[in-house]
Structures are given as C-alpha cells and as structure tokens.
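Both complexes below contain chain A, partnered by chain B and then by chain C.
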Partner chain A sequence: MSAATKQGFARVQELYQDRTQRIKELKEEGKKIIGYLCIYPVTEIMTALDLVPYRVLGDMREPITKADAYLPSVVCPFLRSCLDLGLKGKYEFLDGVVTSHICDVGSSLSGIWRYTVKTPFHYNIDTPHTTHDTSLNQIKGVLKAYQTAMENFAGKKITNAKLKKAIILHNEQRALARELYELKKQDPPLVSGAETLKIIKVIQSIPVVEGNALLREVISEARTRKNKPAKKNARLLVWGSILDDTPLIEMIESLDANVVIDDTCVGSRPFFDDVKITPDLIDGLAQHYLVDIKCPRTFRARDFYAVKKNYLEDLKTRFSYLSDYAREWKANGVILQSVRYCDTHGYEVPQVRDYLKEIDLPGIYLEHDYTVGGLAPLKTRVQGFLEIIE
Partner chain B sequence: MTQEVKTRPLNRLKSMYALRAEVDKMYQAGGEAEAEGKPVAWVMLEGWANAILNAMDIITVFPENYSSLCAAQKLAGPFLERAETEGYPTHLCGYARACVGYSARMVELNGQIPPEAPAGGMPRPMLLVASGEVCDARFKWFQSLGRYFDAPVWTLESPSPNARESLTPGTYERNTQFLVNEIKQFVIFLEKLTGKKMEWDKLLFTGDGTNKINRLRWDINQLRKARPSPMHTRDFWSVMSAALYRGAADPTVIVEGNQKMYDEVKYRVDHGIAGINRPEKYRMSFEGLAPWHSLSFLDSLADRGWNFVCESAYSPGRPFKVDLSSVTDPVERYVRKRYRSLASVIEQEFEPEEASEVKEEIMREGSSNRLRLRHIREYQCDGVVLHVLLSCRSASSGLTLFADQLLDMYKVPSLIIEGDIIDTSLFNPVEAMKKAEAFEDTMDHYKKVRKDLGFEW
Partner chain C sequence: MIPIYFAGIDLGSTMTKVVVVDESEKLLAYVVQHTGAEHRRLANRVMEEALSQAGITIDDITYIIATGYGRINVPFADKQITELTCHARGVSHFFPNVSLAIDIGGQDAKAMKIKNGKLIDFMMSDKCAAGTGRYLEVVAQTLGLSIEDLGPISLKSTHKVSISSICTIFAQQEVSNHLSAGVPLEDVVAGLHDAIAGRVARMARRLKVEPDVVFTGGVAKNTGVVRALEENLGCPVLVPSEPLLSGALGAALIARETALKAQAEGKPLQKVGRKLEEATFFKQDDGILSGN
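What follows is the complex of A and B.
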C-alpha cells in the first residue's frame, strides 16, 4: 500500500507535482505499469489483469528538444511532447504502451514510440471512425483481440468475474467524478476548474481503487473546506482538445470567470457515461468506447440512412449535450480551445460555434501551441470575451 | 565547337496528354450530369466507393483532386481565404479548406458553380462519400460540409491496423468482413437514396477495370527502374488522376490509355531514353504529396540532372491473384480481389527467408525498415526529397523518421523541403533551390559511402 500521509486536496497537489511518485512505488512492488494514450484504450481490461493503467501525457512546461528528430513540427505538439518525454526517459518505468486510433497521427505514434522509445510491450487498438452498426460489430472483435494480446502479455486469462469487477470499479470512478462535477454546479463552485483538472490528472496516474479513495476524500473535503473559489461573473464551459495542465484554465480563472464544466479529455469526457454491464462484457465496453464517449474523432449521426441532411438536427444530435451542460452548470459562456494541428477538433470548431449561436450562448475560439508562453497573448482575448458575458 | 541545344528539361511522355485529358472529361461529365439532373456525389479518394457509385449511375467528382487542380492553376487562394473567414483553422488540410471556400461560394450563388472555378467547376452534390482511410480530414471535412449542403454524408469505414496488429492471426479475416459488411450497408443506403437497385455485374465489371488499370500502372512503374529512368514523377502525377479520380469514365478507355503509356515507356527503356532531357545525374524519390502550385520546381531540378524515378504517394499496389472459386457473394468477391493481408504483401515482396525476417522485425519493432524503404533500394535512388506539408499531417508525420532510417540503412540522404499542397505562400522556391544545390554535395558524398560499403548502387 501507499505510504501516503497526505489526504484529499493536499495529496492531489503532491501527486500533481510528481505524478510518477505512486507509480514508481508500485513498480518497485513488482506491479506492471501500462501507459495509455488518450481515453480510448480500454483500461478496464488492464485493471482486470492486475496491470496498472497510467495515462501518457505531455508536459507543456518542458521545451520539445528530442522529438523533432522523429515528428515534424506540423504535428500536434501534445503528441510531440509525449514522445519527447519518452525519448528523455521520463516514461522508462512503463512496461507497455497501449494506443488507439484516436486520430491519424496518434495512431502512428504507436509505431514511432515502439521504434524510438522501445517500451517492451505495445498494442494499438484500431478503433473505427463511425458509430455504424458494422463499426460497433467490428470494435467488438478488435477489443477481443486486444484482450487476448493483454492476456498474453500478463501471462494470465481474464475471467468474466474479474472483468466485471474491473468495470464496476471504473464505473465507480465515473460516478465519483460526476459527483465531483456536481459540486461545481453551485455558485461559486466548490471546486475550481484548475483544481478539477489536477484531480482528474492525478486519478489517471494511480490505480483505480486508489483514485476512487482519493476522489471520495476530495469530494468530502470540498464540501466543508473554507477556501473555496470566489464568486465570479462568468461561469464558463471549456470545450476542446486535450488540456493536460492548468496554465490555460488558471489564466481564465485569474480573470472574472470560473470554469464550471468542461468537455475535454483530462476532464469530464471519459467519465460522464458508465460502461453497461452486458451478458458479453465486451459488448458494453464496445458501446462505451465507440459510441458513448463524445469526442470529435468519431463520426456520429442520428440516422446514417437519412437521405437528406438537416444541418440543425445534425448539430443537435452531436452537440445537445453541451446545451445540457450549460443549463445544468449555469454556464453563460463557452471557451472553445484547441492545440494547433489537431485536425479532429479543428474541423469541429465552426460547427460547434454554429450550434452555440443556435442556442444563444456566446463562445470564443482559442488556438494554442501547447506552451505556457504561448498563452499570454490569449489573455486579452479572453478578457474581451468576458466583457460581453452577462 | 558544337552548339548546345537547350531543350526543355523534362522529356514528357506523349501518351500522358491523352490520359490527362480524361480528367478534364471527368469534370465535364460532372457539369453535364448536373444539367441533365443526374445525381452527383463528391467522393474522397479511397479504395471502394467509386466503382459502387458508378455502378448505380451516380456521377462522381473528387474535391481533393479538384483542389489540386485549382492550386495548379494558381486559383486556390481566394477559396482558402474564404475558408478562413468561415472560421476554419488555417492548419487544416489545404484541399479541404479550398473545398470549404468553394462550397461557401456555391451557397452564396444559390447552388450555382462559382464563375471563377476552373475546369467548369464541381456541380452541387446530392451525396458526400467520406472515408475512414488515410487521414482524419477524409471524414471530418465532409462532415463539416453539412454547413453548406443538405446532402447526406456516408463515411465508408475502412480498417487501419498498425503493422504489428495486422500480422496478428484473425485480423485480416475480421477486417475483410468489416469491409464487406460496411460496403453492403453502403449499398443499402444508396438504394434508398436513389430508388434504384444495385447492378452487381456492373460493379464487378468496373472493379475488374480498376484492377486492370492498377496492373498496367504497376507494370509501368516497374519499367521506371531502368537506367536512365524513362518516366519522370511529373508524368506519373499527371496521369495518376485519370486512374484514381476517373469518376464515371469508362474504365476501358483508361486501360487503353495506360496500355499506350506502357508501350511508350517500354520503347524508351529499350532505346535508353530518359524521362529528362539531361544526363541522369541523380536518381530521386519524391516522398509526400506534390507541390501542385510549383511543379515547375521539379523542372529546374531536372535541368540539373535530377530525375525523379519514383514517389511515395498514389503508387499502385503489386497485382495479386486470389482464388475466389468458393466465393459467390459479389461484395465479398469485390473486396477479396483487392484487399490484401500484410503477410501476403510481404510474402510477395521478398524471398521466403527475407520475408520471415521482415515479419519478425515487424513483431519486434512495430514496423519494418526494409518494407518501408524497399522502393529506394529497388529504384536505386541517390537522394530523396521529403515534402513536409504544413496542412497535412498524414503525409508528413513519418517523414523525419523515414529520413533517419534511410540514411542509417541504405546511406541515402534526404532533403527536407517545407511547403504545402495548395498554399503557395508556404513555399519558397529560391531557398529550396539553394538547399537543393547544396544537397548535391551530400548525395555525391553518400554515393561514395555506398560504393565503399559495397552497395549495388
């Protein structure tokens, strides 16, 4: 067990400052650690095999110096940063890396990582692009093959009972994360946007059971602590590509705004839907990982067989959850943000903006280059945006 | 003293012109189809949809190709600017942004083709066929065109396993079934859309035509291994559209055009005639997508003796035979004739012993340098131009690693040129030429290194 003495927010801060701390202890205890990129690798299968999932993230505070040799600068700097850290030995404690077809370059990073960083085990899940019935059928086969590969790596089989237990544990984490987000419905929110990001980042860096315990501590502390966020004029929804550190949110929250809800992947995205327990457990996992997670990397539509497209209906099908978020969390503005060179989010931006116009919610789009310094010029734009929010 | 006759640097193939004209016909057919009220689909380049759509009498046009045509005629700029004002980030695929700008103009003109559009323009689509192959733009771009058209979008799924997973038992069969099922659903959708029934014989006929074209393109490319190489990359690019973006054109016409090209290239090989009108000093490969707006840059390089003898994009796959005697389902026949397992590709490309080494390498390393770099060895290239594109990650992301592996394995150096497929402002020809001139010393150096190490070239 962990020798952690700190609890709740203090423990979050400690692990946020060194998120490898706990994982290295576990490694010394003989646990096998599996890095996973993005939220599509099925972590339940790792947990069921007693492998510890550890989210691979970049570091926007560290200049990219080694990855240039393998990934040109036209590639998403988040991916370049991940590879850079790998090349600098900062992921050397990993026993394996699981990637998926999150985006085209994300998928090819698997091969480049294997070739350059040389983590012993690798697997790439070929997640289909649409939610067609055929794709759902396909991903079931893909996940079964992935399960077999992981079993071979771990040297044991997953029993139905073990997988079910793992799904329940991960669902518990999803429920706790939602409970955490419930606290942000209050005005002022009980947890700030920057704190939320830290908490999510930290629970993706420790085993799920420990993450759940930590979430419980944080939730109970947030309810009673005195130093909660101040009341601000703007309650914002932040949408977009990966944000794996706090500078952008901190910049926003240093102004007259609280980030009360997000649609990002070190945020609410992996947690807002549970995995259904189905007779064949892979069916529930397939549905969750292909259909339920709402990320622009998947082409979703209400009816693929409709012979005429109704743009407004299409927008509603794809983005009405954003309107639900805005209503439930009383958000009065949206910050759309994306790291430069992210294509899946880039094409989505004009459409999300169309939808926001439709539901009469002001929004602004910020593109950044995944550096802290690059955020400075955006502050004036956010300030200007906040002025129009009532 | 003999007087030097200055000919054009490139020795263009005569048979190229007729094939290139077929592409213009494709756009013409699009325009006529609209006038006659025939359904038109905008299609992403991929392996399956065109023949299916044509078999259902749907006329196909290819925005990806149309954008490159706009760029080649230096007419893409205003469309790109329009996409920017529509709120599309400037790092997105240049083809996509030009198409978005075009679509926005079309909406402004109540569905009419913008008068500034070259080659007669693309008619308004009744269907958009996106693809799961190659890049994210191929489906995200068409999805976002919902802003401009009420045409439905079908994304034709396609498996994209990485090399190692491809070699895992079961993957090929699962992916074949995925393609079969996906195409069947696509056909059901098309039947609903058009109110027509699919004519399977027509599909198999067109599919066979595609296979014949592929074979000829493959055979032509094999001839390019000769010294001097008889066909330059610019000719390859000029005619690839007729094969890959041929729309509803009769495949037999394209087959004939390619047969003529094969004959001409063969004649050149037999008579030692090169694809450039200068001594072939450097044999080159072009890796990445073409700088459509600045193709004459390659002519300037040809003037210095650079003969581009192969290229990474749009290359035909090696033809293969498959026993379909027990397969009666037309879709499955269609798929199995063209979809190959990675294992069988390796087995055909290499001798048995080397094939198992390549497979082992993939299982160990995740990919195989020998597989990835084999065209450089086969075409005996002295250097490689890597075209890193600001707006296309799929064609650019692997290039730096490629350069690294190539130098390491075959001692062939690479010249990195940054630019774009569409946007002229991102390419600096003067600077690129300076780099190219300096690169000749590097190529000369590595020629010696290869010789010292006993390489074949």
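What follows is the complex of A and C.
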C-alpha cells in the first residue's frame, strides 16, 4: 500500500504537484504500468490483468523543444507536449503504451511514439468514428484483438469474473466522480473547477482502487470543510478540448465566476456513463467507448441521412446533454474552449454555438495555445463575457 | 447641495486616458497621455492632472472605475471593468443609436455589438500587432513619416496597392518592395489602411453590420483608415470628436451609475482602499502564474 500520510485534498495537491510519485512506487514494487493516451483505450482490460493504467498527459508549463522534429508546430500542442515529454524520458517508467485512433494527429503520434520513444510495449486501438451498427460490430472485434494483445503482454488470460470485477471497480469510480460533481450543484459549489480538474487528473494517475478511496476522502472532506469556494455571480459550464492543467480555469475563477460543470476529458466526460454489464462483457465496453462517451472525435448521430434533413433536430440529438448539464447545475453561461489546432473540437464549435443560441444560453469561444502565459487577453474576453451575462 | 464627481481611467497599451464627470454626466476634465513604460506605473500622475484640471481632489470623487489593458494595477480605482463594456457605454453616450462599435487601439482591435447602450456581443483580435495602431506606427517609422501624416497622405491616393500581409513585419517588407518598384507613397499608405480596415471589417461582419457604426480608438484619428473602413463595410462610419476617450468616459459614466444605483437602493458603495500613488507590480497574485 501507499505510504501516503496525507489525505483528501492535501493528498490530491501532493499528487497533482508530482503525479508520478505513486506510480513510481508501484513500479518499484514490480507492478507493470501502462500509459494510455486520451480516454478511449479501455482501462478495464488493463485493471483486469493487474496492469496499472496511467494517463499520458502533456505539461503546458514545459516548453516544447524535442517534439518539433516529429510533429510540426501547426498541430495540436497538447499531443506535441505529450511526445515532447516522452522524448525527454519523462515517461520512461511506462512498461507499455496504449493509444487509439482519437484524431489524425493522435494516430500519427501513436506511430511516432512507437518508433521514437520506444516504450517496450505498444498497442493502438483502431476505434471507429461513427456509431452505426457496423461500427459497433467493428469495435467489438477491435476490442477482442486488444484484449488478446494485452493478455499476451501480461502473460495471462482474462477470466470473465476478473473483467466483470474490473468493470465494477471502474464503474464505482464513475459513480464517485458523479457524486463529486453533485457537490458542485450547490451554490456556491462545494468544489471549485480548478480543484475538480486536479482531482480528476490525480485519479487518472493512480490505480483505480486507490483513486476510489481518494475520491471518497475528498467527497467527505468537501462536505465538511470550511474553506470552500466563494459565491460568485456566474455559474459556468466549460466545454471543449483537453485541459490537463488549471491555469485557464483558475483565470476564469479569479473573476466573478465558478466553473460548476464541464464537458471535457480531464473532467466529466469519462465518468458520466457507466459501462453496462452485458452477457458478453465486450458488448458493454464497446457500447460505452464508442457510443456513450461524448467527445467530438466520434460523430454520434446514428442516422446520417436524418442529419441532413433537419439541422436543428441533429443539434438536439447531439448536444441536448449540454442543456441538461446547464439546467441541473444551474449554469448561466458557457465557455467553449479549445486548444489551438484541435480540428476535432474546432469543427464542432459552430454547431455547439448554434445549439446554445437555440436554447438561449450565452456562450463565448476561447482558443488557447497550451501555455501558461498569454492568458491576459483571454481574461479580458472572459471578463467582458461575464459583464454581458451579469 | 454638494457637487459629486466620478472618474474613469483607461490604461491602454499605448495611451492612458482619464475622464472626470459630474452627477449630470457633464464632462469636467480629461487627460490623454502616453502610457509608456513609466506611465503605466505612474497612472496617478495622469489622474492628478485631471483632478487639477477639474479643480478637485481625489477625495471629492465618489467612485472611480479603471478599464483597459492595465486596469488591474490602478491602486486608486474602486472597481475594474473591461474596456469592452466601458467602450460600449462611452460610445453610446456620444451616439445613442450605435449598433456596432469598432475600436482600434495600440495593441488590439475590437468590434462590439451594442443594443440600447449595452454591450451584447464582441469580437477581439489581440494575438499580435497585425491590424492595430502599432502596425501603423512601425510602418510610419519605416517610411520616415509621423503617424499623423499617414491619413492625409493616403487620401491623395488614386490607385491603392494591395498589401497582402497583415503581419507587421512582413508588411514592412512589402511596403519597401512597392516603393522600390516606384509605387507612389500615397498608394502604398492607402493600401496599408485598406489592409487594416479589411481585417477589422471581417471581424465586425461576424457581429452583423448595422447603422450606426462608430469607430473609436487612436487609429480612428486616421482619416485614411476611416475612409477605408467605410469602403470595406459599405456604410458610413461615425467618429467622435475625441475618439480616444470612449473607454475612460464609459468607465466614468458607469462609475456614476454604480454610485447612484447604490445610493438609490440604500446600499453601501463597495470601495477598495484608495491610494493615489504609484502602482506596485506583481504583488497581487491573480493565480495565473502560481498554478496552485
């Protein structure tokens, strides 16, 4: 077990400042650590094989120097940063890396990582991008092949019971994360947006069992602690591409606003739907990872021809969950944000904006370049937006 | 009855503006000075000058609002509001029917959609000097002209050139190329103005261009850019007599409204410790750099 003496928020802060701390201890204990990029690699299969999933993230505080040789400066700076850290040896403790076809740059990175960072084991899951029945069939096959590859790597087979247990453990994490978000429905929220991001980042950096224990501590502490977020005028929903560090959220929350709900992937996205326990467990995993997770990398309209017929209906099908979030968390404004050059989110922005206009929810779009500097002009925009919705 | 006063200070990247108004919105004093490296710190001097012009002291002022790029670091302001909201308010004072306000300053360009005197939407370009006052300053320097000369010179143009790059650095090269190819100066300058106007017009069109369109900021003093903007937007563009003041005036007017509203509601006016002194930098941790 971890020798951690700190608990709850203090432990979150400790692991946020060095998120490799625990994973390196586990490595020394002989555990195999598997890095995964994005939220599409199926972590339940890793857990079932007693491998420790560890989310590969970038570092916006570290200038990109080595990745330039492989990924040009006109592509996603988050992915460039991940590769940069890999090239600098900061992911040396990984025994394997699992990527998936998240976007074009992400899938290029997969191959580049394999040949340059040379993590001992590497697997790429070719996740389809639509939710048609054929795609659903395809991903079932893809996940079975992935399972076999992971079994070969671990040198053991996954039994049905073990996979079921892993799914239940991960579902427990999802339920706890939702419980954490429940605390943000209060006004003022019991947990700030920046704290939420740190908590989610940290639980993706430790084994699921430990993450669940930490979530329980944090939830109980948040309910009773005195030092909670102040009441602010605006309650915001933050939508968009990956935000794996806090500066942008802290900038927003330094103004008259609390971030009460998000639709981002170091945020609510991986947690808001459970994996269903199905007779063939792969079916439930396929449904979850292809259909249920809501990221623009998957086009989630079931019938393409219906989409063409009615734009508004299509918007409703795809984004009505945002209206639910805004209603349930009483958000009165939306920050749409994307890291520069993220085509996946960039192309989605006009449609999300159209949808927000339709439901009469004010929103503002910010593009940022995955650095900690350069936030002052964005601050003026956010403050201007808050003055409008005041 | 004792007269009461309100002030707005707009610390822009290039110019610092202070406006003092009274209870009836009458403009009592205004000062416009270069911000510069020193003046950003010494905004108190600009304020003092405005106070002496109005013949009052800082204690006579009921409420002070700071706006603009340097709004955070004004130790004598009671509240900070963005230049977006302040411009919208200031412009509406001069032109009550304004629907679209365009402001081109030293560091950025903004388009603001205004309805009934209130800001309802905006667009900003602020990533680089392209299409801002700085762009014109740099090019004027290259040409050995003063910034004031650019407007009148460009109005003489008959065949303006097309400047394809709005990047300040590359545009300089393009200017040199045109001049060495023998293109008359006025046609080159008119081309530069058109490049700026085109860029801001594209931004403005996303907010829908409807009359009245008002143009403010330092660049609005350039008659050549005003004409180019009218051509690009296809409608008349109104310019206040002192286009630099709309932000500071808006801040002063909002200060007045905030104070009068608090008075009417019988609520205390929230003021911070007001010190008419030099700004101290980097003491306030606004959380951006700490990461904690």
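Criterion: the second predicted complex is superposed on the first by the 382 of 390 C-alpha atoms of A that agree within 3 Å, B and C clash if a C-alpha of one lies under 4 Å from a C-alpha of the other, contacts with A are read in each partner's own complex, and residues count from 1 in each chain.
Everything below uses one rule, namely that a residue touches a chain if its C-beta (ideal position, glycine included) is under 8 Å from a C-beta of that chain, and two chains touch if they have at least 3 such contacts.
Please read these numbers as outputs of a predicted model, since none were measured by experiment.
Enquirer: Determine, for the superposed arrangement built on chain A, whether chain B and chain C clash or fit.
Expert: Chain B/chain C on chain A - fit side by side.
Enquirer: Taking the superposition on A as described, I'd like to know which of chain B and chain C A:Lys32 touches: first, second, both or neither.
Expert: Touch partners of A:Lys32: none, neither chain B nor chain C.
Enquirer: Under the stated touch criterion, which partner chain does A:Pro247 make contact with: chain B (first), chain C (second), both, or neither?
Expert: second
Enquirer: After the superposition on A, what does A:Val372 contact: first (chain B), second (chain C), both or neither?
Expert: So A:Val372 only meets chain C here.
Enquirer: Tell me the contact category for A:Phe299 with respect to chain B and chain C: first, second, both or neither.
Expert: Once the two structures are laid over each other on A, A:Phe299 reaches chain B alone.
Enquirer: Of the partners chain B and chain C, which touch A:Val142 in the superposed model: first, second, both, neither?
Expert: First partner only, chain B.
Enquirer: From the CA centre of chain A, what is the angle out to the CA centres of chain B and chain C, nearest 10°?
Expert: The C-alpha centres give an angle of about 80 degrees at chain A.
Enquirer: Would you check which partner chain A:His288 touches, where first means chain B only, second means chain C only, and both and neither mean what they say?
Expert: Neither partner.
Enquirer: For A:Arg381, select first, second, both or neither according to whether it touches chain B, chain C, the two together, or no partner.
Expert: second
Enquirer: Given the touch rule stated above, what does A:Val74 touch, chain B (first), chain C (second), both, or neither?
Expert: In the superposition, A:Val74 contacts chain B only.
Enquirer: With both complexes placed on chain A, how many Å separate the closest C-alpha atoms of chain B and chain C?
Expert: So the smallest C-alpha to C-alpha spacing between these two chains is 5 Å.
Enquirer: Under the contact definition given at the top, report the residues of chain A touching chain B in one complex and chain C in the other.
Expert: Dual-contact residues (chain A): none.
Enquirer: Which residues, counting only chain C, touch chain A once they are in their complex?
Expert: 69, 81-85, 108, 119-122, 124, 126-127, 286-289, 291-292
Enquirer: Tell me, which parts of chain A touch chain C in their complex?
Expert: For chain A paired with chain C, touching residues are 13, 61, 245-247, 250-251, 253-254, 372, 375-377, 379-381, 383-384, 387-388.
Enquirer: What residues on chain B touch chain A, complex-wise?
Expert: Those residues of chain B that touch chain A are 86-89, 91-93, 96, 130, 132, 134-137, 139-141, 143-144, 146-147, 149-155, 157, 159-165, 168, 170-171, 174, 178, 181-182, 185, 188-189, 192-193, 365-367, 388-394, 396-401, 404.
Enquirer: In the complex of these two chains, what residues of chain A are touching chain B?
Expert: 68-72, 74-76, 101, 103-105, 107-108, 110-112, 114-116, 122-124, 126, 128-130, 132-135, 137-138, 141-142, 145, 149, 296-297, 299, 301, 304-311, 314, 338, 340-341, 343-344, 346-351, 353-354, 365, 367
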